[in-house]
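You will see chain A twice below: alongside chain B first, and alongside chain C after that.
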Partner chain A sequence: MVDTVELNKLLDEYDSARIKTWLNICSRCGLCAEGCFYFLSHNRDPKLSPAYKVKKTLGEMYRKRVKADDRFFKECYEILWFQCTLCKRCSLYCPFGIDIASMMSIARNICMSQGVSPERLIEFTENSRKSGNHMGLPSEELIEVCEWMVEETEDEYRGVTIPIDKQGAKYMYTINPREVVFYPQDIGNAAVIFSIAEENWTIPSFGWDCTNLPMFAGDRAMAAKSVDNVYKKAQELDAEKILITECGHAYRSLAFEGPYMTGQSDGKPPVDVIHYVQLIDEYLKEGRLKIDPEKIIKEPITYQDPCNVSRNGGLWEEARNIINYLAEDFRDMTPNRDHNHCCGGGGGIMPMGPDFKPGRMKAGRIKAEQIRETGAKIVIAPCHNCFDQIQDLGEKYELDIKVFSFKELLLETMIIPEKFKPDGKANEKD
Partner chain B sequence: MYDLITGPLLWFSFIVCIGGVIIRLVYLFSLSRVKDRVLYNHADAGWGLRSLFHWLIPFAGSAMRMQPVFTFMGFVFHLSLLSVPLFLSAHNILWDENFGISLWSMPDRLADILSAVTIISGLFLFLRRLSRPEVRILSEVRDYILIIITILPFITGFLAYRQWGPYETIFIMHVLSGEMLLILIPFSKLSHMILFFFTRLFIGFEMGGRRGARSW
Partner chain C sequence: MAETVEFEGKSFNVDEDGFILDFNEFCPEWIQLVKKEEGIEELNEEHTKVIDVLQDYYKKNGIAPMVRVLSKLTGFKLKHIYELFPSGPGKGACKMAGLPKPTGCV
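Then we have the complex of A and B:
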């Protein structure tokens, strides 16, 4: 049953000058379609043009108002979650600069108010509500994994630590819960990098989940809560900056959407937010990390610009600077930087589980072709969703590639100063 | 009849057009003060203007390079559509008679060519709407009608200048269709002739001022 009271309330709430103008002036030129990787990967199916998708969802919601029925929301569900990753590329192709992806996000929120949203995303949202992270992990588990990772580093490094809840750190490091469960070595790698750069950092025992799956599910209240958990903890710990692991949508959520979700009147986060690529770029430029010339990567290498880091975050040169230090044979994809295509794993579709893999693989064809054309053997992806999606694409399209995060490649190539090399006392703790 | 449509009706059309646009802008502006903080928080002249100029200069935005024929026809259409009514010498004489002001007048020969250009490029846009699947699926009847209404004053003006067909009737149709176009500006998708500048500035602020990224 459609909750018409809630529906009308939300429609009125979102009915801003922007939405009115956008829905009114779209002159139906169809140019946005050229920007959409769903359209391009499905042989130019006109139903996948961004303007059509908005017209069929948010456009219809405003036109129909109370006449919207359950069937209508079912149709919206298909379009909003399985035909758009909110990558925002279409905005660059619209002559009027209509922000189509923002309208798709709003339509998701309205669907969610009617209980319509992918099951897995709803589950993750409930986990966030209960535990403060989308995997529902207790603090103890994070702390245990951190301790375990410190032990793991002891064979190769000396003096690596993971400070928990340290007051007054320069960086409060926030991570993706996937790291705790599936990639704990990512946390270990970060700890090695921070230790060698002699950084003043900390991982908080709460508010450490930088991701925001409620945002993709369309639960605005819970999305705001997720962001607020991180902001509040950073303020409580008196951290100078919030640092985000190699994750794309976390940056969008904490740096750009979060301030509005949590009602910051100036539209800026209460504590500065920076992405991991900015940190590494800075370390290399300042010489706090040095690359061993012997270990520079010789294999052809390419870079996946995550939508929420490059196009929607303005950080595309940082990654290229880093690669300049790390590798000899960098081959950019075409198109690249802010015009790069979404990998097909964004907008919350990646964590929705294996049932949605066939759709992801079909939509990812454009990305697979882009990668193949570079001839690269290594793809760097500073985003967990891009990382997993490109790994799947590599198998499906037989691309013969290895996917890495920046942290992994840094650990393989950087110089370990003498004092961080283990000696006879390697197993003794300081 | 002539006096009515070139006198009171013309005044009426101008008042509806300009008044309608002003009312719409005031309404959107006051709504934006409440609902669109994001527009003001990240306002940045540099990003805004770059966003605007990348779509005012042909082929400056990369999307335009993907459909070069459409881009060319689109620019030609808009330029001739705006320049002929403003700079036609016959119109300037009317301006002068009624308001005592006049603009530079283009040679009649040029106006004649530009009218034909408007008609041809307008028909191109019409046919493109019909033939490209991703445009056709978006188009409603009113989108087709709007193109016809837009080029109607040019078709009738072109005929009237050459004195082809029944002059009197065609001339009246010319004035009436021009007036209809003016009246439709604030209430139809033609409002993009004003609102375009605002949406372009906004996306410049949104992508640039807020995120440090480009919007073209």
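Then we have the complex of A and C:
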């Protein structure tokens, strides 16, 4: 049953001059279609044109209003979550500047108000509501994993620490719950890097989940709460900046959408937000981390510009600067930077589960071809979704590649100063 | 969207990522099949220990343990678990133990 009261309320709320204009001025020029990797990977099926997708969802919601029925929302579900990752590439090419992807987000929000959203995303949203992180982990679990990671580094490094809830740190480091549960080495690796850079940092015991799956599920209230958890904790700890792990959508959520979700009057986060690639770029430029010339990577290497780090985050040069230090045979994909294609795993599709995998693999063909053309054997992806999707694409399309985060490659190539070596002298300077 | 794979006279219903859908279908042949996929040459006692711990935990709790718990219960360091199962504790060890794919961004 459709909740017409809620439906009308939301439609009225979003019924601004901007949305009206956007829905009405589209001239069906088709430029957005040529920009969409779903359209390109499905033999230019006109039904996959972004203009058509937004017309069939948000456009129809306004046309039908309360006459919208359950069947209609089921059709919207297919389009909004199976045929769009909100990558915003279409918005980049619209000659009228229509932000199609933002309208798709609004349509997701309206669908969610009717209980229509992928099951796993609803589950993660509920976890966030109950615990403040999308995997429903208690704070103790995070703290124990941090302690364990410090122990694990002791064989190879000396003096690695993970300060929890430290007041007045320069960076409050926020992570993806999957690091705690499945990839704790991500936390350990970050701790080694920050310790060697002698950074003043901390991990908070709450507000540590930088991700925002409620944003992709379409639950705007819970998405705002997720962002607010992080902002508030950073203020409470008097942290200078919020630092985000190698995750794409967390950056979009905390740096750009969060201020609007939480009603910040200046449109900016209450505490500065920076992405991991910005900090590493800074460390290398300032010489706080140094790369061992003998360990520079010789194999051909390429870089996946995550949509929410590059196109929607503007950080494409920072990542390339880092690669310049790490590797000698960098081969850019075509197109690249803000024009790069989505990997096919964004917009929440990656954690939606195995049922979505065949669709992801088919849509990811464009990315697989881009990678193959570079001849690269290593792909760097500073985003968990890109990382997983490209790993899957590597197997599916037999690309013979290895996928890495910056953290992993840094640890393999950087110079470990004597005092951080387990047998080194603690007081020796560098 | 399950598919069936045949191996040494047994058939298994697996998900899109090749994980067994029903834990009850687990049998020694499954280990051999995943071993081949994982590129593990010889299984040793340590592999078996990881598999046993995962299965015991799953039978008791209905979910796969967190990696920290797996390390604690086996006494193996994380690095060593990756040496045993190159695809890692989730994609490699859980798969071989016949557990369903853990939910989340795995």
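The rule is short, and it goes like this: the second predicted complex is superposed on the first by the 423 of 430 C-alpha atoms of A that agree within 3 Å, B and C clash if a C-alpha of one lies under 4 Å from a C-alpha of the other, contacts with A are read in each partner's own complex, and residues count from 1 in each chain.
FYI, a contact is a pair of C-beta atoms (placed from the backbone, for glycine too) under 8 Å apart; a residue touches a chain by one contact, two chains touch by 3 or more.
Note that the structure is a prediction, hence the values are computed from the model and not measured.
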item	value
Partner chain(s) touched by A:N229 [first = chain B, second = chain C, both, neither]	neither
Which superposed partner A:Q370 touches (first chain B, second chain C, both, neither)	neither
Which superposed partner A:A51 touches (first chain B, second chain C, both, neither)	first
Partner chain in contact with A:G267 - chain B first, chain C second, else both or neither	first
Which of chain B and chain C A:S117 touches, first, second, both or neither	neither
Which of chain B and chain C A:P95 touches, first, second, both or neither	first
Of chain B and chain C, the chain that contacts the larger number of chain A residues	B
Which superposed partner A:S405 touches (first chain B, second chain C, both, neither)	neither
Residues of chain B that touch chain A when the two form their complex	28-29, 31-32, 35-39, 41-42, 51, 55, 61-63, 66-67, 70, 74, 129, 132-140, 143, 189, 191-192, 195-196, 198-200, 202-204, 206-207, 210-216
In the complex with chain A, residue positions of chain C that touch it	1, 15-17, 19, 66-68, 71, 77-79, 88-90, 101-106
Complex interface listing, chain A residues touching chain C	120, 123-124, 134-135, 141, 144-145, 148, 152, 155, 176-178, 180-185, 188, 350-351, 353-355, 357-358, 384-385, 388
Residue numbers on chain A that touch chain B, as the complex places them	15-18, 20-22, 24-31, 33-35, 39, 44, 46-47, 49, 51-52, 55, 91-99, 255-256, 260, 265-268, 310-315, 335, 338-339
